[in-house]
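The data blocks that follow each hold one structure.
Each of the next two complexes has chain A plus one other chain: chain B in the first, chain C in the second.
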Partner chain A sequence: MKLNVDGLLVYFPYDYIYPEQFSYMLELKHALDAKGHCLLEMPSGTGKTTTLLSLIVAYMKAHPLDLTKLVYCSRTVPEIEKVMEELRKLMNYYEKEMGMEQNILGLALSSRKNLCIHPSVSKEREGKVVDGRCYGLTASFVRARHAGDDAVPVCNFYEGFDAHGKEFPLPPGVYNLDDLKEYGQAKGWCPYFLARYTITHANIVVYSYHYLLDPKIAEVVSKEISKTSVVVFDEAHNIDNVCIDSMSVKITKRLLDKCSNSIQILETTISNMKENDNRRLEKEYQRLVEGLRDANIARETDMALVNPVLPSEILEEAVPGTIRTAEHFVAFLKRVVEYIKTRLRVQHVVQESPAGFLRDIHIKVCIDRKPLRFTAERLSSLIRTLEISDLTDFSPLVTVSHFATLVSTYTKGFTIIIEPFEDRAPTVSNPILYFSCLDSSIAIKPVFNRFQTVVITSGTLSPLDMYPKILDFHPVIMTSFTMTLARPCILPMIVSKGNDQVAMSSRYETREDTAVIRNYGNLLVEVAAAVPDGIVCFFTSYLYLETIVSSWYDQGIIDQLQRHKLLFIETQDAAETSLALINYIKACDNGRGAVLLSVARGKVSEGIDFDHHLGRAVLMFGIPYVYTQSRILRARLEYLRDQFQIRENDFLTFDAMRHAAQCLGRCMRGKTDYGIMILADKRFSRADKRSKLPKWIQEHLKDTNCNLSTEECVQISKRWLRQMAQPFSREDQLGISLLTLEQLQSEEMQKKIQQRAQAA
Partner chain B sequence: MADEEETNEYRWESGYEKTWEAIKEDDDGLLESNVAEIVARAKRKRAALKATGAIQLGMMRHLFVVIDASECMFLQDLKPTRFLCVLKLLELFVHEFFDLNPISQLGILTTKVKRSELVTALAGNQKKHIEALQQMKDTSCEGEPSLQNSLERAMNGLKNMPAHSSREVLVLFGSLTTCDPGDIKKTIKSLKENNIRVSIIGLAAEVRICREIAKRTGGTYNVLLDDHHLKELILNQVQPPAVAGSMEASLVKMGFPGGKTGSGDGASDSAADHAPAYCLCHIENETSCLMGNNSGYNCPQCGSRYCELPVECKQCGLTLVSAPHLARSYHHLFPIKPFIERTEVPEMTHCFACAKPFGELDPNVYECENCKQIVCLDCDLFIRETLHTCPGCASDPITAQMKTN
Partner chain C sequence: MDGNDQTCPKCKTTKYRNPAMILMVNACGHALCESCVELLFAKGSGACPECKCALRRQNFRIQLFEDPAVDKEVDIRKRILKEFNKRQEDFSTLREYNDYLEEVENIIFNLVFDVDSTNTNKMIDNYKKENKDITMKNRNRQSQEEIELEELLEAEKAQQSEKANSYVNAELEEKKQKHKAREKLIDELMFSDADAKSIVASHVQATAALAKEQPKAAAQAGGPVVKSSKFSSGIQIGLRQNTSSFLPIPKQQDLPLFHYSAPVFDYNGPSPPAIEVLGKLKYFANIRAANATERAGGYTEALSCCRALQEAMGGLFYIPQSGHKTAVAASAEETDDMETA
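The block that comes next holds the complex of A and B.
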């Protein structure tokens, strides 16, 4: 249908629209008009993706100069594929309505592993190996050598792309990963490099967060994306953690040992080269003297996305003399690695600031801050010069060089923690150096600065005001949408006590209490008896899950449970978990019913959907606070308090509640779906926790359902399940939660939408 | 039977109910418009159910009723227990079933402890089934049910039934889980191949596999709200279903036993017909009744005597019915068309059927398409559910003539 969104003609590829989708479009349009950033929360299953795409594409068509490109960041490959399918639907609709080919090019980009079509390289399973082997076939010096000697293997697809691919741009259309591969096969071009090349002139790019947030990758892939783009981060409730992870480094003893090996390889290669071909080393030296001027020019003309790892000041200077020659640099690297090795030889936990670390390294091994800053750049230059084609071996050394650069560049917002052993096994020596980013705004800052509109959206972003604080930006629009429903299809309940009136809570003090554990068990057994098909349970940690299951076993609760449903458990092993998941789905499908015990923040809680019968109920046992004894977390909390005036408790609750909401949202994937959400902890009923749940859950959480006992909860669930099982057709939804064009345009509905916009 | 329950159920037994929440006031603070709306909505739903028109119906039905007898049937959310409530309603169902489908057969299965048991085989004798149901009240419910086993069993019983009959299974499923020996999907497939319709009534909540079975085999799946709703759902199954796909039409041999009066008016009347004889329906029981000269019905083929019709002859297997039985099935074939809803008809001031004057309380009246007579909501339902014939058309000689021709 064709919509009029605040004066903009929007083609929407479906015959019906949800009212909240229309409100979402309105808000998004305002943000685009204002060229500002926005933060939008809309429940999962209400068609966020298609709403976003249809509005932004319409906007691009209406204002081709103001908005040239859409960069859509998603988390996983399946999600990327889903976005591409929606986009295809939209483009087909455009074509049908307008009766001609659309001049819009949309493509998905993923790693080499997912795009490679080389007959032997694509067989590799591990991403790193694929990258390494690809580099070994496509690096410029390898190809140069191939020109002289046919025995040196190169990748034919890359050669094909290099010879012709750049002259003929990809024809307009929608390309997902498989389409790219197919196109590559047909033309004999490498799909990966084709996609990377095409990014610069494609209208819509869909890829993973990392291509924009991880400075190491963003530099390569995304630096030439124009300023007049809109960037969308979907499922962005964890975006601060992604930012932090992309800037943090973890160095273990084993990694350092591997570094020493790599350095040795470097040394021998250098001495070989010196004997054979000294000229090349000299050439490199000259280049380094001239400095990174070229990069600087690019930045000044505003061509590139700023790389936070490589701040602008560095580019203006030449590489310092101490590390200019290859031998000196290798010796320098050796010193750095040895120094870190000695630092790892500690008996107690050390925490220090980057400044302290720099002072110490200066005193101990006489290394200045300046050469350290150039380490990463210098290392990649050296590897290029030495024509080392197998990069996989050098990844530890690259990690260390990143660490050296980061530690000398940022004195604020980072901390170094050296732990001689893990908390769980204090007797086993396993020293680890954490270089941890405390400030999530560092990695995302270039994105906010560069692009005119950044949209952060997810099903669960509450409380909304926290994100602008921790990401340090000023959104022009910040809205949470609720779900209009024709029937109450979610039933959130807070169960605070067992039938014996003992309070249920995962508080540290009562965690081991058998009465609490038994009450949790009874709750699960009774719910399992009343709820059909699949039930998903979330615990606060793997450790807690293990202790609870073992005491349930002793108390005979597991036996009782298995009379109603089969039991599956998520473990830390990914293969085991996916096997459990497959069988869980099977058990739900054939009517036996199943219970899945999993962990908040685990694999299951993020990204796996339990729609319809796979998740008729979600139970949240306890509040999923993050492990508060972790030193990294404590350092971050301290930093947040000092820099952003966020109290520790506020952040912890925020973090716990967003994960709880994420878990609860697993069972609700659309308007015809329905599910029970049970929060089994007394503390959830407190106002500070309750108010942090997303609005669309809060709306259905009645006061009367906030302090229930097990029995009451089961009683309510039974009645509700019977109501939900009654036939429910599209006609029932029409006019309330599903609108035709006429209904949408009716005055009454417009008024309602206005009201909602004001209330939001 | 169900009426008894209505009076027996106490308010405090029915769980936490908030009746006041269901009632909403309109703008003037009145409740009536809301209540009227609820009634009208229920009515419309029923009308929609019947607005099928003339299609081929599976009048000759072979139906297996599967009763869940697993542990969960002892739950007391239906009073006195789920099991007893279901049995009681089934008695009513069996009675109604044979009343409306005189030429059909019925069998009963139960499932418990992961197995399936045959209670009564397919037969047309309703007394036997009702007796069996009454006896089942004392049996215990235990273990888990098995959908697959019971469906396989029902399928084995139905497979060999003639192709022109409608093969059906009705499952009353209280449990939320099923414990099956193999892949139930295969069972669904072979059910479909054998043209067996499976309808399921869930007693607790929507179970995915049940929905799937019903959908794939062309049956219905419903979940009850309370015992009244359950009764409604079970009785809905009494109506013969429309034939799915093409079913071969064929002639069925049937016997119409002669009357009771001694004046030899039929060829099948002979001296033997009037001799005192034991009724064959009750021959196995001690309570077997010796019938006098002129009571009972004789099979026209073998001469066995029965005290009640319809019945399947135990001797020769002939289906014995009386003409009124067949006539009663007739209205399934030609259901009266749904009446048209009219908001106001000025010239009519009272209902044609019951002569009740229309007040302001009746927002809607209903008009028959054929005879243009206007009736009230209550009469509309009565005509539709009980009479099966429109009084307006029947009293008008012209339309009545049209219909019979």
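The block that comes next holds the complex of A and C.
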């Protein structure tokens, strides 16, 4: 249908629209008009992706000068594919309505592993290996050698792309990963490099967060995206953690040992080269004397090693004399590695700031800050000069060089923690150096600064006001939309006590209490008896899951449970878990019914949907707080408190509640779906926890359902399930939660939308 | 445990078998365990069992790094950098500084790997001679970078103590307030005649209002004031070790030689006769001649006569320009206005 959103003609590829989708479009349009950032929360299963795409595409068509590109960031490859499908639907609708080909090019980008079509390289399983082998076939020096000697293998697809691909741009259309591969096969061009090359002139780019947030990758891939773009981060409730991970480095003893080996390889290669062919080293040296940058341009295939974010003025400067020649640099690396080794030989935990580290390294091994800053860049230059084609061995050394560069570049927002052993196994020595980023705004700051509009959206972003604080930006629009429903199809309940009136809680003090564990067990058994098909349970940690299951086994609760449903457990092993999931789905499909025990923050809680019969009830046993004793977390909390005035408890509760909400949202994937949400902890009924749940859950969480015992909970569920089991058709929804064009344009509806806009 | 594979090359003891074993290194960069050192160097000096170079016992140090070669290199580096301590400020361009750095690096490299040692040593000696004063000066001075780091650390420390104090205080305050509120409630319930429900209700309201206020106050207090380490004029508070106790001696050879040129005076009048010709022109006729004691001090009658003449003739032709005068007058008026206003 064709919509009029605040004066903008939007083509929407479906015949019906949800009212909240229309409101979402309105807010998004305002943000685009204002050229500012926005933060939008809309429940999962209400068609965020379609809404976003149709509005932004319409806006691009209407204002081709103001908005040139859409960069859509998603988390996983399946999600990327979903977005491409929606986009294809939209483009088909445009074609049908306008009756001609659309001049819009949309494509997905993923790693080499997912895009490679080279017959042998694409068989590799690990991403790093594929990257390394690709580099070995496409690096500029390999190709130069191939020109002189045909025996040196190169990648024919890359050669094809290099010869012709750049002159003939990709014709307009929508290309997902498979389409790109197909196109590449047909033309004989490498799809990966084709996609990367095409990014600069495509209208819509869909890729993973890391291509924009990880400074090491963003530098190469996303540098040339123009300012007049809109960037969308979908499923962004964990975006702060992604930012932090992309800037943090972890160094173990084993990694350092591997570094020493790679340094030895470097040494021998250099001495060999000195004897045979000194010219290349000379040339590199001359280049370094002049400055790093100028000779570095336009070598796209040599991207395997790149520098972490550096203020660009440093890159313009010449490399300091201490590390200019190859031998000196290798000796320098050796000193750095040996120094870190001595630091790892501690007996107790050390925490220090980058400034302290820099001073210590200067005193101990006479290394100044400036050459440290150039380490990453210098190493990549050296590896290029030495023409080392197998990069996989060097990744530990690259990690250390990134660490060196980061530690000397940033003095604020980072901390160094050296732990001689893990907290859980204090007798086993396993020293690890964490260089941990405390400030999530560092990694995302360039994105906010560079692009005119950044949209952060997810199903669960509550409490909204936390994100601007921790990401340090000022959104022009910050809204949470609820789901309009024709029937109360979610039933959130807080169960605080068992039938014996003993309070249920996962508090540390009562964790081991058998009464609490038994009550949890009884709750699950009774719910399993009352609820049909699938039930998903979330625990706060793997450890807690294991202790509870073992005591349930002793108390005979497992036996009772298996009378009603089959039991599956998520473990830390990914393969095991996916097997459990497959069988869980099988058991639900054939009507036997199943219970899945899993962990909040685990793989199941993020990104696996339990729609319809796969998840009729979700149980959250306890509040999923993070492991608060971790020193990295402590340091981050402290930093948040000092820099952003966020209290420790506020952040911990925020983090716990967003994960709880994420778990609860698993069972609700659309308006025809229905599910019970049970929060089994006394503490959930407190105002500070309850108010942090997303609005669409809070709306249905009545005061009468906030302090229930197991018995009451089961009674309410039974009544509700009977109500939900009644036939439900589209006609019931029409006019309330599903609108036709006429209904949308009716005066009454417009008034409602106005009201909602004001309320938000 | 890491370093279990460490072995003494002489007696083949390993860290695994004898956890108390300590490896030591000397100038040549070869490791020896502590007991071997005691045994071999009982006399105070001897030869390294690996490279046969003469070593002193006092120079043995505990091995810091896993690779003894690095120990050796760091050792040499520290020694060399003590001499070669020029800073970027000592060079006119960055390029020259980088060249210098590379040269230093070369020297260290040569010493570590014993390449061309006679030439290198000669170079070091030359350098020492040539740059004695700069070296001495720089020894007492920290580089800009080091100062920056020190300042950062200082600020961090100040911030930390400040923070710790403020949070402890805030918590105490909060506790006190809670306690007070509760006591007040109980007192009121005990002694007042009003309805108990209304008292409780008002109490709840008051605590809610307080709770609302608290985060605000915390936010205000949250931004800890960094103790400033500078006066507003930019001068450091307190003595810093890095500023050497006396001022550096200004470089002399750089300045051009002083040339005297007679000053030209503008008298705005006829030029008075020069001091030499005063006698000839008989000016002294009307002046008291200088007596013997005055002459002894270097005074002659010509001096005072000359000065009197200069004063008499100076400014004779001076005609104040009209524009200039009005400007002065105007400005005077202005100041008057200002005063009245």
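Operating definition for what follows: the second predicted complex is superposed on the first by the 741 of 760 C-alpha atoms of A that agree within 3 Å, B and C clash if a C-alpha of one lies under 4 Å from a C-alpha of the other, contacts with A are read in each partner's own complex, and residues count from 1 in each chain.
Convention: a contact is a pair of C-beta atoms (placed from the backbone, for glycine too) under 8 Å apart; a residue touches a chain by one contact, two chains touch by 3 or more.
Note that the structure is a prediction, hence the values are computed from the model and not measured.
> Applying the touch criterion given at the start, work out whether A:G602 contacts chain B, chain C, both or neither, answering first, second, both or neither.
In the superposition, A:G602 touches no partner, neither chain B nor chain C.
> After lining up the shared chain so the two structures overlap, which partner does A:Q723 touch, if you call chain B first and chain C second: first, second, both or neither?
Only chain B; A:Q723 stays clear of chain C.
> Should A:P532 be classified as contacting the first partner (chain B), the second (chain C), both, or neither?
A:P532: touches chain B, not chain C.
> So, does A:P446 touch the first partner chain B, the second partner chain C, both, or neither?
Neither partner.
> Quick one: is A:P191 in contact with chain B, with chain C, with both, or with neither? Answer first, second, both or neither.
neither
> Which partner, chain B or chain C, touches the larger number of chain A residues?
C
> Which partner chains sit in contact with A:G459 here, chain B, chain C, both or neither? Use first/second/both/neither.
neither
> First (chain B), second (chain C), both or neither: which does A:G498 touch?
Once the two structures are laid over each other on A, A:G498 reaches no partner at all.
> Using the touch rule from the top, collect the residues of chain C that touch chain A in their complex.
1-3, 64-67, 70, 73-74, 77-78, 81, 94-95, 97-106, 109, 112, 145-146, 149-150, 152-153, 156, 159, 163, 215, 218-219, 222-224
> For the complex, which residues does chain A have touching chain B?
529-533, 563-565, 588-593, 612-613, 616, 712, 715-716, 718-719, 721-727
> Within the complex, which stretch of chain B touches chain A?
15-16, 72, 77, 144, 147, 176-180, 183-185, 202, 204-210, 222-225
> Where on chain A is chain C touching in the complex?
253, 260, 289, 317-322, 324-325, 327-328, 331, 334-335, 338-339, 341-342, 344-345, 353, 355-356, 358-359, 362, 364-366, 368-370, 411, 429, 431, 641-642, 645, 647
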